[in-house]
Each structure stands twice: as structure tokens, then as C-alpha cells.
Amino acid sequence: MLLSGVFPPLTTPFASDGSISLPDLEHNILQYNGTDLAGYVVLGSTGESVLLTKAEMEGIFVTAKEAAAREKKLIAGTGAESTAETIERTKRAAELGYDAALVKTPHYYKPAYKPDVLIAHYRRVADASPIPLLLYSVPQFTGIALEPPEIAALAEHPNIIGIKDSSGSVQRLAETITTVPEAFQVLVGSASTVYPCLTIGACGAILALACALPEKCVTLFELFRQGHHEKARQLQSVLVRASKLIVSECGIAGVKYVMDQRGYRGGIPRLPLPPLSNEQKTRISDFLAHLEPAMARA
Amino acid sequence: MLLSGVFPPLTTPFASDGSISLPDLEHNILQYNGTDLAGYVVLGSTGESVLLTKAEMEGIFVTAKEAAAREKKLIAGTGAESTAETIERTKRAAELGYDAALVKTPHYYKPAYKPDVLIAHYRRVADASPIPLLLYSVPQFTGIALEPPEIAALAEHPNIIGIKDSSGSVQRLAETITTVPEAFQVLVGSASTVYPCLTIGACGAILALACALPEKCVTLFELFRQGHHEKARQLQSVLVRASKLIVSECGIAGVKYVMDQRGYRGGIPRLPLPPLSNEQKTRISDFLAHLEPAMARA
Amino acid sequence: MLLSGVFPPLTTPFASDGSISLPDLEHNILQYNGTDLAGYVVLGSTGESVLLTKAEMEGIFVTAKEAAAREKKLIAGTGAESTAETIERTKRAAELGYDAALVKTPHYYKPAYKPDVLIAHYRRVADASPIPLLLYSVPQFTGIALEPPEIAALAEHPNIIGIKDSSGSVQRLAETITTVPEAFQVLVGSASTVYPCLTIGACGAILALACALPEKCVTLFELFRQGHHEKARQLQSVLVRASKLIVSECGIAGVKYVMDQRGYRGGIPRLPLPPLSNEQKTRISDFLAHLEPAMARA
Amino acid sequence: MLLSGVFPPLTTPFASDGSISLPDLEHNILQYNGTDLAGYVVLGSTGESVLLTKAEMEGIFVTAKEAAAREKKLIAGTGAESTAETIERTKRAAELGYDAALVKTPHYYKPAYKPDVLIAHYRRVADASPIPLLLYSVPQFTGIALEPPEIAALAEHPNIIGIKDSSGSVQRLAETITTVPEAFQVLVGSASTVYPCLTIGACGAILALACALPEKCVTLFELFRQGHHEKARQLQSVLVRASKLIVSECGIAGVKYVMDQRGYRGGIPRLPLPPLSNEQKTRISDFLAHLEPAMARA
């Protein structure tokens, strides 16, 4: 199970009445099938998974599996607060044919979630899971970062094959890579540092920005893979600005807005996530208008 | 709806097979009915609400309502990540006869939850709720603190009657109290600062420690109310140590362990929350052995 | 050496050419001599000590000692980054007749200043000092907080008699007080929590706000001491607002501006500290205009 | 004034009586003169500048200037808390023939040092300085980070030619590089991310690790410059471990200990900085013993 390449964490489209729209999800996936994305993460943070009901999650898992092209790898976001529910979701994803599970750290009872508690949690899930696990560290949402020592301890488990590190810390990622066995796969979760992370040994990337600008993200990966470092640097520079504006400042609503401009079905996020302001929409539109010329220069 | 006095956020007892034990919950409430606790918070953070299924929550809401003595006020913890689910839970609690709802801040998408987004969320819930709301700020778990300006804005809503502030910041609580209308009720959520918070105008307290040591917490409140400041200071000093050891260091497992020693049904928390180590149990037992003499001296 | 009561950390007046103005300092102290302030802190954080040259510090130490009334206790701020310089400054203050030294934590090399390193530093200074020491924890400036375990360890040193805790955490202060011997004196360093801190056992306060509003701060202390809890609560409520506006939002420039309004010589701070904006001046003036009526009502 | 390449921030050697040892400093510089280091930073954070007296600083500035080879660029650390003293130190460095000044952010009064205050401070220093300035952001020591908007604003000043960013955040560095004019020179200050930072456009590095392992750091820079990306990646991986152990965990004492092993005069730091424990010495010695074989493999 090699996870090289770029994966978007699919957004969840909503219908005008606020319910999820599985046809729109299918539409998006069919379009992504035509790109060189390596696969899809279903029900990650960008998928608004914490805002969905259990029944909605099931519908999304089923629809995404059916719509995804055969060659695309499918990673299911299955992390819940309780160990038991995480295992239940992971088993269901395995039943449905997902290739791997992405398990975020439990986080509500932060003061209790010391490294040994997190290690025990992940080992229980990995023991019970029929499919391999990816650890998922996303401290900007959870307030908890997996650090190299606990990652290294968990990398010894035969059913834990890698990590998505969305902390944005290249230093932590570098320390992780020097600490884990070579086969352990480190994926970066922030578009603004993809290229530098690839240069130090990350094998792939799971990027919210790839929902909106999949070709650009794939091109960056390919430029690196083929050793075109100067071009990679220039494209990364553009994506730094794109990521800052679209993902960091505007969040899921920003990603969905760009999708709407590009033939995907984005829509607006579920409350309490706010829709974009007009000012934000204008800034994004202006940015996109200058994107192709900027790319052409780069 | 006056929320003066001390409220424990009830713990959730689990049977040996890991399922919730409603008879144990009933047992605990019947015992608490004999104390001077002002009422109960059902499904708060100490109730491990984020580790429970929807069906388990329903069972707990129903059982607690039935077991609680008529004169005890009942506050339902109904905060979920999505606005819609928060409203749904709040309506269900109202149907069941709960007096008020305690709504924690949504928190997963922290960078998006700016003050105006939180205000909009709370207003939507308050508009839709048949029962009055208490805001709930608990940054040690959520990473988000409600600050005096947004609390003051929300205090203008006729269906928002107060706040539980568990941040532990007496300064923030003091600023809140000087900012909101006098009728807005501020409850403190940390046992180590109850007495100083009462001296500056808090009207009550919701304390995990009150699950384990209800009489002590009630006594502290009464000492303050009757103007016995020196005795209140001495008892607060004992409770500072109790809170630090039992709640801050040992967490929900610590609270439950003391409950087991005192005739309640505590048990162990649900995974990934870890049970106490033997060393922690010994430290708590030693502390409890010295508690009565310390109280007598105080 | 009892440090009960209220102490202002004296501001440093500057002449129009940017040099320090010792006559203005003398003027201020002579006025303060007529109040019930317990004494003065010379060259604390509010005295802009880190912006002064060695020669300027010497002038201030000498002038303050000469101007201070006999019965006022004199505390010298002597903490520097290096242990040797801290000892040198402390010895000089002792020579000049200061009663005690206030020693802030060294802080530049934060990652290295683990508790045992701080303990060793303070022990060396206390061993070498002819006068008793007060520890000084001010994390909003230094990024380092002294915690109850290290405070308790240092409280055993015969030449360390207390602490000024400016962290604003009443919980930490409460834990400190329950941990140290009764003779160890805990002074609070934030005006917004003076009264609640006194109720749990603080013996005094060192308050930037007391430079600007000495009588109000002294009155609060006296109300508490005489058991007028309701009046103390009301005055504290006013001082919460005063402290937030004047000290927290406007800083040293705010304190000096109020001094200028009240017959003291405040002036502006030294660069890079900025002077007040006109908007800030207006807000402070408006606040002061309403202060006496608010006090009268309270 | 091009600042490409690797610069060590020179350590300050102390004699056995605790005074500074200028002959040892000269010895070190003469050795460094034989390497391909691009120049030296004199009195940076690693030089323990905040622990030195004014007279000691003068001696070091003079000695370093005299000992440095003609072709080595000389950067003087001149940042002080006050604007006036920063200007004074910068002018003195210019008089002595330093090529540029490295000015760290003032930081004690953190809450007051908003972006516009920092911008005004740097502009005043830049206006007054006879030599070009490098901004210096080192939040792990100061608690203040310079962010891309203020860096971009300052980059417009003709006498501000670059920045040393020691925050360790590759994302911030990437955003800075995409925001400033091309001529503005960005130097990275953390050895664990040198190579990834070079790939995105940093022009050089100021590294504490380069005091201890100058050749390795220079080799990494050269590998990158010549496009040997795979070898650069492997050497970076070794330096990640070296930097973590020697610099992050052991601090200045760690850097000096390695210098002692390598023919330089390291010695121990000044108090309150602690010397290494025996356990730390053993870990470093073990690491160094495996370093050459690891490099050979890489």
C-alpha cells in the first residue's frame, strides 16, 4: 500500500435544504477521476466529518467508493473521540473496500491524552482494523500534536503504515522522517510546505487545496519527482499564496468557493461554519484571475 | 430560573462490559438527592458525553430526569459541533423536562470560530430553544475561550441566562461580571477558585469535584453565603489541594475513584481515557485519609 | 520584614530630551509619601528598567531612597539576565539601604531555564544578598512562570521571604499559598484580581495601577482588611475596568497619562514603547470622568 | 552586501574565573578562517550577549574584527531593548568596520510591541545606522515573531537588507519569501530546516550548529548550490539529529562541548545557563562517534 502522490480530502456538498448531496459528491469524484490525483481521502477534516450524522457518513462512504475510479486509492477518515467508535468506523470502511484508514488523534480530554495514552489508543485501533492505518496529527484543529517519539513507537506496529502530519512544522516532519523506518510513509498535510517536505523525504501529500486546484498540486509533485527543482520552487511560491488565502484565511468555505469556479460542486459549509463574505469572494476571484499568468511566468 | 448554589456535572457509570450502566447512574442521583446540591448537570464534559453514542445519551437524559428529586434543577449538556445537532439535542432536553441547556462552544474548526461566528451560533440555538441557555467556555478541552465582549453581546439575548466559565481565569470572570447585566448568571467551573469567584460576584458553581465531595463543595458555598470568610478561606485551601490532585492530575478517572470510596458508583472511564495507575490511587487514598482531619483543623 | 499593604512600582519620568528626570521622580515620591501606600518598588517592570543604562539605574536608586519617607518600605528591582549582575545590583541596593530585592526570573534563554536552573539561580542570589529577596514571576513579559513546586522549594531558603506573582492566575496563587509555609509572603501583581487574591491569603499587592490611583488601591486593601466584603467587591469591580483600560490596554504610557492628570509627573515612556494615541487618551479621560461617580455609587 | 552561505554566531569563551577570554575567541576565529564559512555573527544569541557587560561586548567586537580574515563578512548583533541603545551599539559596530548589524526584536514589553511599534523601532534604527540592517526574529527566546506583513513593510527601507528568521517555521519563511522583493535576503536560523529552506529561496543560514560543525554545514549549503539534492537530503537528515541533540536539547552548553571536542575553545556558559550533565555529555559523545560513519554512508 504505497501512498505516493497527491490526495484531496474530499469536501461534502450540501443541498439547498442543508442535507448532504450525494449526487454532487459523485459529480466531483467523477471529475477528479480524470486527473492524476493518487486517490481520495473520504471524511477527513475538510469533509466536515465532525458536523455530520452517522447516517450521513455512511452515505458518503458508500457513494465515494462507488464513484472512485478503480486505480484511485481510497483512504477513509475514521477517527472518533472514543476508541470503540473509531474501531467501528474503521471496520465499516474496510467492509466497504477502503484501502486504508486515516485516524486523527482523540482530543477533547487533552490534559489526559499523554503520549502513552495516544499510543495505547492507536495500538488498539490498529490491532482491530482489517486495513492499514495512517496516523493523523492536526493540532490546529485538535490542539494535540503527535511528536516523533510516539510516531516512532507506533511505526513499529505492522498495521500502522504512515502519518498525515498537518501541523505545518517542517522541523517536526524532518525529525519524524529521520526517526522512523524507511518504509513508514510520511504525508504532508499543508500545501504551503509541500515541496520543501518532499525534498526531505515526504512521500506524498493530502491537501485541502487539491480539492480546488488538483492539477496544480499534482504538477508540483511531478516537478519534484522529475528533479525540476527550480520550476518546483516557482510553483510552490504560487501555491504558498493560494494556500494562505484560500485555505488558511477562508477555510472550507474558501476551498468550496474555488471549486464552484472550476466546475466542481462546492457550495457552502454547514453551520456553524460561516459562508464567505463578499470581500473574501472578491479577493479569491482576483487571486484566481492572476493565477494562470503567474503560473505561466513561473 | 436562578442557578445559585453548587451543581455536579454527573459522571457516566459503565458496566463491566463497557456499556453504560443506568442503574448505577440512578443510584448516584438518589444519593445526591439527599445533599444540598442545587441540581445536576447531565452530559457535561465530566459525563464523558463526547465518548457516548446518541442512544446512550438519550438513556442518560431520561434516567437522570426520572431519578432527580423534584426540587433539584436540571441542566442538560447539549452542545455539539454542528448548530443543527445542538438545536436538536436542546429541544429533546426541553421535551424531557430539563430546566436549562449548557452549550459548549463548537471547537473543531478553531481558526474559523471567530467571535462573530460563535455569537451567530449561540443566537441560532437560543432562538430555537424552548428552554434557557447557559454558555459554556472550557478552553482546556476546546481550545476556545469565550471572552467578555462576546459574552456581553450574547447576554442581551432573552433566552441566554448565564455562563459556566471553566477557564480558571478569575480575571476573565471578573471582567465578565463587570460587563454583563446584573441578572446574567456567572457560574464558575473550577473548584480551586470557587471562593474567590464568589467574592467577586459569581452566583454558583458547576464542579467536577462536587461529584466526589458534594458536601464539602456545598459547605464552601454556604460559608461564603453566610459571610464566614475566614472559614471559607480555610476550606477553599483544602479544596485547592483536592481539586489539583483529583480533578487536574487524575481527571475523570480520579473523580470516579473518589466516588467509589464514598458510596457512589464511579468505576472507570471509557477508552481512550485511561484508568488510574496504582500510584495515583495511593496518592488519592492518602489525601482522603488526611482530608477529614484537615477539615476539622480548618 | 512584613510586606503587607499596597506598593506601586514607581514609573521613571523622562525629561523632554529623553534623559531621565530625577527631580520629577522626587516630586512623585514626595506626593506618594502623603498616602497610605506601604512602600515603593524601585526599578520594577513599570519603571522601564530594561530600557535604562546602568548609570541611570544608579541615579534612580539613590534618588528614590533619599525621597522616600522613613516609614515606607523600599523594594529594589534587581533582576538581570546573568546571575552575577543580579547579585551585583542586589548588593548595591543593600548598600543604599533598600529593605528587600525583587528578582524577576531570567528569561532570554527560555528553553534552558528549567525549574532546577531557576532554583539554582535564585539560591545563588539569595546566598549572596545582604537583604531578603522576593521572587518575581511575570510571564506576560518574560514568558516564564514560577510554579508552586519551585516556589515551595525556594521558600525554604531563609533569605527568600516571598513572591510577587504577576501572572494573573488566581489558581496558581491559591496553589502557591497552600504549598508554602505560612510566613512566606505572597503579593499579587495584577490590580484586576487584588481583592479575590486577598480573600485567599495574599498579604499585599504590587500594582502598576497604584502609581496612577494610589488611594483607590489602598482603600480596596483597607476594605478587605476591615471585613467590608460587599464594598470591597464593588470597588474591585471598578478597578477591574480601570486596570483593563489603563494598564492592560495602554501599558506604561497609560499609567503615566493618568499620573499626569492627577498631579504626578508621568510623561511618556522611552522608545520603543509608544506614546498613547489620541483615541486612547480620550478613552482614559472619559473613564476618569466617570470614576468618582462610579466610586460614589459603589 | 550579499549574505549567501553559512555564518556561525560565535560563542563567547569564558576563562576559569568567569571573565571572558578574548584569546580563546581569537583562537576560534583563526580556526574558522580556514573554513568556507561566509563570515561571522558577533554577539548573537549564541554569543550569550544578554549575559555580558557593555565593556565585555566592546572587547568582543574589537577582537573579532581583528581576528577575522579579510574576506569573511562580519555581522554585529546589536539589538537591545531600547531603541537608543540599539542605535548606539549599531553605530559602534559600524565604526569598528562591521559590514552589517543583526537587530533582534525588542521583547520585554511584549503586549506593547504590536507590529506598528516594531516597524517604527526598526525604521528608527535603520535611519540612524551607517551600515545595513538584518532583522532578527527569534521567538523561542523573545516570545515575538516578525510576520510576513511587517517584514514586507520593512523590506522597503533601503537600509534593511534582509532577515534572520530563527522561528523554525518553514511556512512563515516561505510566505516571507513570496512577499518581499527579490533582493531582500532571507537567512534561516535553524539547522534542522536549512536544506528545505534553501529549496524555497533562502540565500543563507546563520546556525549555532555551524560553531560546532562548520564543515558539515558548509557542505550542506554547497550540495544544494550544486544541485546534488539527494546528497543534500541525506546530509540534512544527519544534521536534523545533530541539531536536535546538540542545539535544541543541550543549548549553548552543547554547542561549546562539541567545540571542545573539535579543537575549538568552547568551555561552559555563564550562569544562570547550566553546564551539561554527564548524561548529556555521554549522549553527545556517542552521537559524534557515529557521525562520521553516518556521513560516509550518506
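Order of writing sets the labels: A, B, C and D. Residues in every chain begin at 1.
Note that a contact is a pair of C-beta atoms (placed from the backbone, for glycine too) under 8 Å apart; a residue touches a chain by one contact, two chains touch by 3 or more.
Remember, predicted model here, so these are calculated numbers, not experimental data.
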Copy pair subunit A, subunit D: interface residue numbering same or different (half cut): same
Centroid distance [mean C-alpha coordinates] between subunit D and subunit C, Å: 35
Geometric centre distance via CA averages, subunit C-subunit A, whole Å: 50
All pairs of touching chains, each written as two labels joined by a dash: A-B, A-D, B-C, C-D
Complex contacts: residues of subunit C adjacent to subunit D: 18, 45, 50-54, 81-85, 106, 108-113, 116-118, 120-121, 124, 140-143, 248, 251-252, 270-274
Subunit A partner contacts - residues on subunit D that touch it in the complex: 168-171, 174-175, 177-178, 190, 192-193, 195-197, 199-201, 227, 229, 232-233, 236-237, 240-241, 244
